[in-house]
């Protein structure tokens, strides 16, 4: 059972890294970006290409995946997304669904429609056995990397100047602008960073989540659950939500396989009825 | 004196701030009662509590003796307590004809009628046109609300409230934001309100208050500070001090 | 002091102007019915356009008129489809029109139950909840394979003749006439609904819910009502699909369906009832054309169309599809307004 817990934690932390960018974009710009999964997919495919075809070491491919997705995110943000910020939520939904469809078809065209796997180095395969608990090496790596990222994120937000500018811009962008904070750059950099994180998550997750062109569609609901249940006003909210979701999904599929994802969707609906603003967010000030 | 609207020890607290502090107000039937006070005194919060937009932390609200504290906003409107908003809240894509038509049809209980075409009841249309004439809106009857001049929108705001045939009408700064040349129409409309409607007026403009009100309550920091006839309130040195204090603070 | 009779008459005409049948509408429906006789070789695609148009119409009721953004409208569509297919397969109800009505009622029941979920929360919450319900149903259909046929779909469905008289054929002749008739009847009902006081109250709720409740409208009750009706319409559309193809599969619940539906409605324009129908026509022809060119990658072009529509601006797109209506109504309105204003000023 502890193995399940361990796997669930790994899955949850991976979800957190994947979804954190979405949480920030939503909280920051009140923008519903359903295409977030596409950036994750991009990172995953970059890693697959680097490791499988070019022989780049796995660990080295991770930062490259991050950068690639961040760059794509930055470019798209400055060229396309920026025109859609002021539009209605319906427009944002339509726009990002359009991007998802385009990215899914593009991935299909370029990479083929079958699932691909990363050639994970031997050192990361298999598991340790610690007092009866199977600790998968790959999953351990995920926990370590994601854990470090979470701490780093919290640190950046709470203790750096960029972090305080970001928090100011989230709380009230008009006032932030008035204070001389270049809100546009904050948005662009944050979006790029969030996309990069998604790409990193995609790279890490390819092995355990499975990577194919329908990735953005399959996992869209998971990211959305993390963000709506966890709320967007802190790091801890989505973090806890991801853990709950990760453990719940793994445990659910193991113990009650006939129900599968049923459990997740039901929990989500119940939570949203009970607390529409999310389980962990403070009351919205706006 | 029959009391039309009464609050009993109304308190509203949020996040440690007391927005309404033990407000016990009695408004006589048919009165022209004004509520004044410096900015941030809690006047709009009080209106929100009276109309059900916000729930009180404690205290009760009675309409013609009936406790309405637990009723929702739309239920209160049906019971006869209607408000206007300080910043226009109108239906931008509907015309004044449609807006008043909607209010009247809702009041008549025809809101759930999904079969009859709007406008097929002549008695309803008569009433709608009559209200529009009273508020001098017939020249813009067919225009989308969004394109109307601000003064006309403000008139429409009041007309919509009247179309609901309220027992008690809460006017939240009716002349706010209206340009000088359009103010007289608003003031005339307010002065011409039917005498059987009880009116609670929130205003900053003292000229309007003194020409219109027969009773004034002063709200400061969420609590009722002074209450009396216009002459009594005008003479009261404490009232002057509160307003002067505000002016000094602004300077 | 009563206003003069002429002002009242004019105001009445004005209020009911929205509800008057415009010439273009009559042309549209005459054309649609004429196609039964004049375009027999296109009946298969026209059948698809008919139920897709009905499905889009149901979304228009909640999105265009009540402002609810739903990513899971396929839930009701799929439920209607499976209900109709199961009723036929197990010979519980043999006559298609009866089965259609029952499927619609089942979907309405689901709509009623889930309507409470869309009352609270932000746009994002509603999106999530509607999506969640659709995915949940899909998962349920997947798991209950013994009932639904699971991933393979429900096989072995035979549909008996409509009203006992009109047999379904493989060219879609009966299918088209059947779907078009159902669509037309439901359209008429929807048309009355949106032009009624209830419909006007929906538009007010969409435009300013705060103001609506301030004139005594119970916003929640209205939304529940329209959501339920729209769910019923979607369910009937799904049942039409099942009955004309004798098949139902999991993808009736899929996100793709809900997303395509949004596109269909947006192409045609939301908020005037014909948007869904026009959008269905455009979408189907687009799909037909593009799937010949690029069968596998046609989602790419759909996505591109969505992105372009949003960037260009939805209002600009839809204004192209209703130019004549606008001109006609403008002329009407100006004339009426002048007459009312003139009659009032005469008396002052």
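In this document, chain identifiers A, B and C correspond to the written order of the chains, with residue numbering beginning at 1 in each.
Operating definition for what follows: contacts are C-beta pairs under 8 Å (C-beta built on N, C-alpha and C of every residue); 3 or more make two chains touch, one makes a residue touch a chain.
Please read these numbers as outputs of a predicted model, since none were measured by experiment.
Taking the mean of each chain's C-alpha atoms, the chain closest to the overall C-alpha centroid is C.
Among the remaining chains, A is positioned farthest from chain B, on the basis of C-alpha centroids. Measuring from the averaged C-alpha position of chain A to that of chain C gives a distance of 35 Å. For this pair, chain A with chain B, the centres built from the Cα atoms lie 49 Å apart. Computed centre separation for the pair chain B/chain C is 40 angstrom, with centres defined by C-alpha atoms. If you check the complex, the residues on chain C that touch chain A are 63, 69, 71, 116-117, 120-125, 127-129, 131-133, 135-136, 139-140, 142-143, 255-256, 259, 262-263, 266, 296-300, 302-307, 309-311, 314. Contacts from chain B toward chain C in the complex involve residues 51, 53, 72-75, 77-78, 82-83, 85, 89-94, 97-99, 101-103, 105-107, 110-120, 122, 125-126, 128-130, 133, 138-139, 141-143, 160, 163-164. By the touch criterion given at the top, residues 26, 32, 80, 83-84, 87, 89-91, 93-95, 97-106, 108-109, 217, 220-221, 224-225, 228, 258-262, 265-266, 268-269, 272-273, 276-277 of chain A touch chain C in their complex. Chain C makes touch with chain B in their complex at residues 1-3, 7-8, 11-16, 18-19, 192-193, 195-201, 203-204, 207-208, 210-211, 213-219, 225, 333-334, 336-337, 340-341, 344-345.
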